[in-house]
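Chain naming follows the written order as A, B, C, D and E, and within any one chain the residues start at number 1.
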């Protein structure tokens, strides 16, 4: 019951959002490093970039968010996938 | 074309940049023009340094990019030291271009020349800029052209050397960027002079951490001992004209950056002494490691790491004579090591081994003579430039009273003499079937210019004395630097 | 620039070298002419050298050149040996390849030696010293093959010595602010004794490497054996004397007043003695003529160092006299061995035999040289050794006298082996074609030097005059009563009149020879070397009874315990351990990119930890 | 064991970095240079988007360096993979028809979006780099979508060079007019309009073209290198 | 504050991958993660509580209510540099694979000592 008394003020929502996203960011990073299958690892990297881009929005940096989205998510992943295509798929 | 607009230090970067962008277009028009354009650019840059350097000796030229005053905009600081380095780089660039006209046959030539020009322009940019982030960007330009040039040749292990270089190089750039982030978070500015003034905002413990990051970041490019793992592979994999540029330019630019940043931002006592010790360690280990090298380029790589270690040790003395000696050592090393790399490539081609030199004296007498001249100059035998530079290093060390350092430097010189003379001795063996082939005139001309430089400094060391003292003064006198940049 | 000044002198010597190099492309004869002209011009110019010093500023240091009687004497030695060497090498080097490089380096070495002698400050002395080292290095490796290894070994030894000198020069410059030897000497005295010892020690070490003192002589046998014969004469005759010049200068101009001066000199004297003894024993073992002569040079230099270190006027006179004489007869020996090599292509004592009838002049030169080397009266060697023995006894170093006697008598052994195995004994068919070497370019220098030994033997005054002026410059009062033109006095008042003695011996020898020749010669039968009967059988044509193989086998077995452990092995061990260290360090660069990343991260953590811990 | 050591070392470095940032209060206004940029951007450069004005005008030299880095990466990539041109058909499997029609439909829209972004660089967030990358992704879709599609390398490199030259010439013009390198010489116009903020839009459009052409070239080179089996 | 911790964490994870992982592509991923961490750090430094994006889109916005634009400009450049370096690194990886047929960094060390 106590929960309900909280009014979801935008401030609280903002705090919670950054907290969860940052946690997700670290988890995605660990996922992409530990993952054996390189394809999943690359997907992990693009996930990191995506979360990063959203975080930049939260930090009031639209230009950087757009860049991160365009370069980090789209192109870096594309380059990684092409490189993966030309070389071995699985690690170790 | 030159009088169209006033000459200013930015031409050092703008002209090669324009030429680099022009080159792909020009390549479509006529294949031969690919070779001519870089030459013209280097000549133009030499012309710029000929005009600007004398002015810089009187008073440093400070140019603001895009017209904004320093704390806001980026400024170029063209003092005596930066001028000295910029002119040295452009001269070396021109000589290497002249040499690779006939010696560089690997196919995508237009790409090779673009990367070559940008390597020189990037290093010159590093030396000129007065803004720390701009220094990072120019370091990246130099680094990325160096990565691609290392893996330029088609043989198998070149890509491997390239990957090692890029792996360690991007570590370096990550650490430098982190250092800049920390500095910005405390001081709020990016201009070097401005930073120097409000470094007190940064608490001492943080300053040490940032110094560590910068030392590692720039140390990797400046080949300080534990960080120079990539260097031997990169030197031996890159085409010889490029290795000559590595030894002559990229190392010097990184060393200049390290010195400028350390002296301006981290002047506390331990920092320079630490750098000096690191230099000595680099000198000892790389000279000893060079003893067992069979591949000549790898031997020259270790030897150039050693010579850089010597320059760092002299720099670390933090006295006017020390910096004077470090500058002298750097110039001498750039000229002599450049000549050695090019001579060995002209003599024995890409995979030069020690045995490949047997009996080369008969087949290519001029090149063997040049190699012997280079070897004697590196060891520091009297009539050549190496002697005066080593002597100034030793007297500088003598003045600061650390005699142990003198003993170490002299001991490593003996080791250096051992492996260089072993190679020189092989030239004059009677047996052995060395590689044939006539060296074209333009290559010999390039080497002759370097040899003339060695002999000129060897017989008239006084001639460059004035430039060196001005350079040493310029680096050490931080007050003049900051007040000059932020005067308005 | 006036003719009598030193810069003109050096300009002639160095300029001549480069001119000769250029002339080589013009014509062989022209080059030879220029070479001869340069050497003889510089030799002649020595006599008109003016006294004023000349200084110039170079790279922030002031270099001063000037003439002193002490250096003039040594310059005389260099000139005396340079002209015959050049003459000898004209025909000798005709067959060899790359003569241009040979002559260039030869003239540079000679000019550098003059430079060393005429430099009044330590830095220019060091500069010329290094120029001499690398030009002699290029000469040593001229022949290729294992000459390169010998050359590199020579360069490393002398580099170690040279850098020891540079070490103390830099420190002295830092202390006294100037490079001039006088100023350095003045400020040297003010240092604390330990520092004085260290500095003088490194300087002496540097100079004794070139002089081939025992522990540091490793390079001498290989370098002398491998370098071309005419240069070897100069190498052992003059180059090693630069070391002596340096030691003399350090001991008596810089280090004299320091408390440690006496013990150091005592140590040096003993080092000289041991060097001469061991080197002589080692020489007896050698089978190659050049190596034998190399060890004998090391031994003779041991005598000189002994004389130098004693420091009494008489011993100094002895040392300088032997310096000159050794240069002369060593040059004669190397020329003769060179001539034999020029004709037969062999220097191995076991293969050569019976050349006396084919090469009489060479035989005569070797005979004169070994007589003066084993210091037998009529020739110069005797005078030097006589002075040395007297000075040893006077300063009552009785043990040293025993050592000196032992090694000079033992030297007679290897000397006899040299002349016996090359010239005496039965002739061999394979040496039928051997002819005497051409007169003008090869025999003349040998005979000229032989004449010099003869003259100095009779009139030592000619040499003792410049020696005594050099010694007075160094601070040793030479009273005139110690010698006259051909008279030698000693403290106990007895006099030895060389001229009278030799004239008596000469007349007796001549009369005996004439009587025998006219009276008995008619009835004698010419005997070929094959005409000997061994236990009744007549040897067949090709069977050869005289042989020199393991000539001194019993003697070597006796001296074996002394000779077994050689210092050279110990120094080679140092070399090997340095290169093993190099091999170990090389493996730090494992070639795996990731380990390099590890090095970077480890270094960063170390930096952060050390930084924050210190500050 | 190695993993443990690595973890320990990184923990060590992490601790030190954390102490370095402990002194930096998060979210506080500690701007030095930033304040001046914010105050002078509209009056002095006419650009509404301060980040773009910093990137192009105040610290234009960085962006010039930045464009060179990208240009060198494209050239370097071409040089490294020079010998590995593969046969066209081994690029990838047959694309499904949805992908092909989708690619054809989407391409013009993406290019339009990219153009909008780099034309309005000085007004709305975004600019040359973002717009160029978007165009490059458009080209990527075409490469994936249409089997026979090949980026016309000649055209791309010409576009790339021309754009680069316009950037450098814009800088040199600043010098020619007696001012400094890269200084603004055009009238500022009214802020908020498309044709405002002097040379910033021109430079950013040039950068847009350049980045678009370069990255398209890079993607096409990468796609067409051989599988490495032969 | 948690932004700093998170960005340092991402950077260290990237460094961990570079140090420990054997596969070349995994190492390049590690490098790009390190870059990502630094970029987040830089932008987080520039953030000011209550500040809006540094764009004067409406007339009402004043300079002192805005976020610090300078780190954003730096990050913009840094991201593109990161892309360029990753592209060259991957090109090298492709060439190494074409020649060595393996992506294990331990197997590609023919240039040593």
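To be clear about the criterion, contacts are C-beta pairs under 8 Å (C-beta built on N, C-alpha and C of every residue); 3 or more make two chains touch, one makes a residue touch a chain.
All values reported here derive from a predicted model rather than from experimental measurement.
Following the contact convention of this document, A, B, C is the list of chains adjacent to both subunit D and subunit E.
Centroid distances built from C-alpha atoms place C farthest away from subunit D. Among the remaining chains, C is positioned farthest from subunit A, on the basis of C-alpha centroids. The most central chain, judged by the distance from its Cα centroid to the centroid of all protein Cα atoms shown, is B.
Each of C-D and C-E has its own count of C-beta contacts, and the greater count is at C-E. For this pair, subunit B with subunit E, the centres built from the Cα atoms lie 28 Å apart. In terms of their C-alpha centroids, the spacing between subunit B and subunit D amounts to 30 Å.
If you average the CA atoms of subunit B and of subunit C, the two centres end up 45 Å from each other.
Put simply, the C-alpha centre of subunit A and that of subunit D have 21 angstrom between them. Across the assembly, subunit D contributes 6, 9-10, 13, 16-17, 21, 24, 31, 33-34, 37, 49, 51, 59, 62, 65-66, 69, 72-73, 76-77, 80, 125, 129, 218, 222, 225-226, 228 as residues in contact with two or more other chains. Within subunit B, the positions touching two or more other chains are listed as 133, 137, 140, 144, 147-148, 151, 159, 162-164, 167, 171, 178, 185, 190, 205, 209, 232-233, 292. Among the residues of subunit C, those touching two or more other chains are numbered 586, 589, 591, 593-594, 597, 601-602, 604, 608, 612. Screening every pair of chains for touch gives A-D, A-E, B-C, B-D, B-E, C-D, C-E, D-E.
Those residues of subunit B lying in contact with subunit C across their complex are 163-164, 167-168, 171-172, 175, 204-205, 208-209, 211-213, 215-216, 219-220, 226-227, 229-230, 232-233, 268, 270, 285, 288-293, 359, 361-362, 372, 376, 381-383, 387-388, 391-392, 394-395, 397-399, 401, 403, 406-407, 410-411, 413-415, 417-418, 421-422, 425-426, 428-431, 461-462, 465.
Those residues of subunit B lying in contact with subunit D across their complex are 4-6, 8, 10, 13-14, 17-18, 20-25, 28, 63-68, 71-74, 107-108, 111-112, 114-115, 118, 122, 125, 129, 131, 133-134, 137-138, 140-141, 144-145, 147-149, 151-152, 154, 159, 162, 178, 182, 185-190, 194, 198, 203, 205-206, 209-210. Within the complex, the subunit A residues that touch subunit D are 61-67, 70-71, 74-75, 78-79, 82-83, 85-87. Contact residues of subunit D toward subunit A in the complex are 49, 51-52, 92, 117, 125-127, 129-130, 133-134, 136-137, 140, 215, 218-219, 222-223, 225-228. Interface residues of subunit C, counted against subunit D in their complex, comprise 601-602, 604-605, 608-609, 612.
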